[in-house]
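Here it is, the structure, as structure tokens.
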């Protein structure tokens, strides 16, 4: 059984990507199962999608813990623990990362024994990249080695039918280009051997200790500890204040920020980049247009 | 016939459509929404000549569903967890109206704590209300069960509403190959809705669902519903045989996998039973004689069939994805009730509880379940029920509790953080 | 009976410059409801217990994180006002019997979406107002069942596309007039607000906080995910909702309805509709002048 896991952000089309791959495999005659997994289904937040393919009916479901192929549509997710990109990745796994850094850099950085393949990322705001899903599924199809160009084409046509022929054509071009670019590594993904019942690692079951209600009620005895959740990681665009142009209007940006991520200290507004989700309301509303939207990756590079 | 990738929700919507449903009262709840969205879209473009009404709550939804059925139309509806429970008063009430309809439940864990992920506590809460219950393991089964459910509900010997249960996320949002039966063939199988004498017409006035005072009369009505539900066993067998003949897919009341020569049998409901099936295959490869029973019918409870399938077995492990607070796994209790005191029953009946709120059950856990059951058979001793939870999971929750500022003192007193 | 208070909020610079509600919640980037909640919470403050019904905001507190500096209780979709009744009565009992110090008291605030407020929660709300419960009710109205994927609710406006009204004419029904339904119960105070008009919102909350009894607020909440627009437009769309007259900012107090910010020269509703994907079918592939005129007419009639 092939077990494939996609990682992306809400809004990047991971569900569509998994369905393109699922449909392509189905057209090739496989038994297929595909499913998205929503956490908080919000634009920008990490989401997963799973695809399974086998030549017999599939007797497995739910999360994929031992992937043969992991596809990362947005490389900014790799360091995010909640995104679980590397869960179950071992020497058998092929890790495909949509990134403008090369495989060697990633190999060195992650220090894992898996094979790493990179798919060059398009420049610009990730949120605007409408083809990420298509390019990722195109590349994945070639790495699997069992999907023809024709099946990929038909799958894209089917899954994107509602979006109109121009959109389909654009996505198809991108997908086929990605497909062709993986020629050298075609078929490098293999299904893994099934777990052996005569030699398995036993689950570390425990007898759950009894906790009194003071401990075991679903209550949070803390104030505003949500600040520990760095929603800033959702961001694909960063708002940056030009303090020369900022006229200390008292304080449009801070009031309109939906997340309350702009505070005003001593008449100067300060954006909390740990939590700013990059909605750009402040950019749109700043009266002297003193806030600029910069691609997050670029902004991070400027800092380092 | 068209075989295509369809989600469980999509399959349920197709079942409603192919059954020529007239009326769909609806109310959205995660993870059921795609069902009503599909149906709404078909109605909008004229592909489905039915009427859909979005009600203000599930209590109202179920009332409207049964009232429409009691007026003489074919009705379909869908809900989940909190919604099923919000309508619980009406589930009990309308079953006794003896007006049949089909309700798809997309199984999801119950508050508290509130969650969105699957388990079976919601459908278990409905087991006494008078609705029959069919449990599905694949998206194909969801579509097929919806068609069968109409026949089951509308059978003259039954005339009770039927719930078709599918797991949230694992079936509802997961696409799998589904053969959509030819519309004509499906229509012929389901037939026309015959309200019999339960309907409203100006020319034949009827007072339905009236109050009853007096224990003996009340008991009559209640017992008769029970007898009708029990007729479901025989009716279902005939029905599934007919379905198999027409559509070439076989759905016995209890699906048995590798059971004939098994010593140890796993018993499990729903889509995770497919994982158990894969585990059985691996265990067989390793030389163990293990089998799996997956009941599709939970109400009526197929006690006789269980007894015959489990006769002579050494050990049974029931895996419940539900928990009755203060008692344990529901399927385990029900099975124990069916087997107790009968000749040749397995001496070891073990209980395992897992998969609550979407918690995964790993292949290794299935292997361990089988191993534990084997040991119980060898030792001649049944261990206490196992609430499946690992050391790693406990460590994780302790970390969360620290963030939630559960007082350090409390955690220490219960042996919490320093528990390892 | 209300007092004649002079508001401390005359312009935006009178608004708080830092925000009480914690960042790091999983609401969508650009959430108009969260924007309103941030503004409301700054004035309501942490001596409050928020009682919540099922909806998007239920996910504000997901174990182990909460953004609240005050308290929170999640109940169920239909019964948040009943939960508020229980909390308020209990606090009164404790204070009355001196089992709790008066300075431990809190403002009881119901927080629900339009799904609960306009629909299955109406019965509990009616009961609470009828019993003259001393509480605040905040309804964040994104005109649909947002958390389940934006199916239509009783708050959905005529002609809007939702997940359950995908036909060419959109939602056939009309937005329920919750303001009038609540006002008919003769509570202490009813008001409409929007995050895009923060001074108006602040004045109303300040006023509500100075009163006792049932005080009912509806906050129109532009929703990028449900209404299909770029998150940065949240405030632009909010301002247009007011300027077109579609969202009248008003109060019910002392038996009378007063408009607090009537639009002087009403902009055509088209300006508002055009920015939202949920109304795209009114403009593409062909303009539906009839439906646009119908919407305009309804607004015109309201303001006559």
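Observations, loosely collected:
Which chain is which? They are A, B and C, in the order written, and residues in each are numbered from 1.
One rule holds in what follows: a contact is a pair of C-beta atoms (placed from the backbone, for glycine too) under 8 Å apart; a residue touches a chain by one contact, two chains touch by 3 or more.
Treat the numbers as computed from the prediction; the structure is a model and nothing was measured.
Here A-B and B-C are compared, and the pair linked by more C-beta contacts is A-B. Taking each chain's centre as the mean of its CA atoms, B is the chain most distant from chain C.
Work out the mean CA point of chain A and of chain B, and you get 34 Å between them.
Annotation: 38 Å between the Cα-based centres of chain B and chain C.
Across the assembly, chain C contributes residues 63-65 that each touch 2 or more other chains. In chain B, 113, 401, 403-404 are the positions where the chain touches two or more neighbouring chains simultaneously.
Among all residues of chain A, those that touch two or more other chains are 218, 220, 222, 225, 228.
If you check the complex, the residues on chain C that touch chain A are 11-13, 15, 17-32, 34-35, 38-39, 46, 59-70, 195-196, 198, 224-225, 230-236.
The touching residues of chain A, counted against chain C in their complex, run 39-40, 42-45, 218, 220, 222-231, 234, 249-252, 254-261, 263-265, 272, 274-275, 277-281, 283-285. In the complex of the two chains, the chain C residues touching chain B come out as 54, 58, 63-65, 74, 76-78, 119-120, 122, 145, 147-149, 151-152, 154, 163-167.
Within the complex formed with chain C, the residues of chain B that make contact are 26, 28-30, 33, 36-37, 40-41, 44-45, 52, 54, 56-57, 59-60, 82, 86, 111, 113-114, 400-401, 403-404.
Of all residues in chain B, those touching chain A in their complex are 4-5, 112-113, 169-171, 173-177, 271-272, 274-275, 277-279, 281-283, 285-288, 358, 360, 362-365, 367-368, 370, 386-392, 394, 401, 403-407, 410-411, 414-416, 419.
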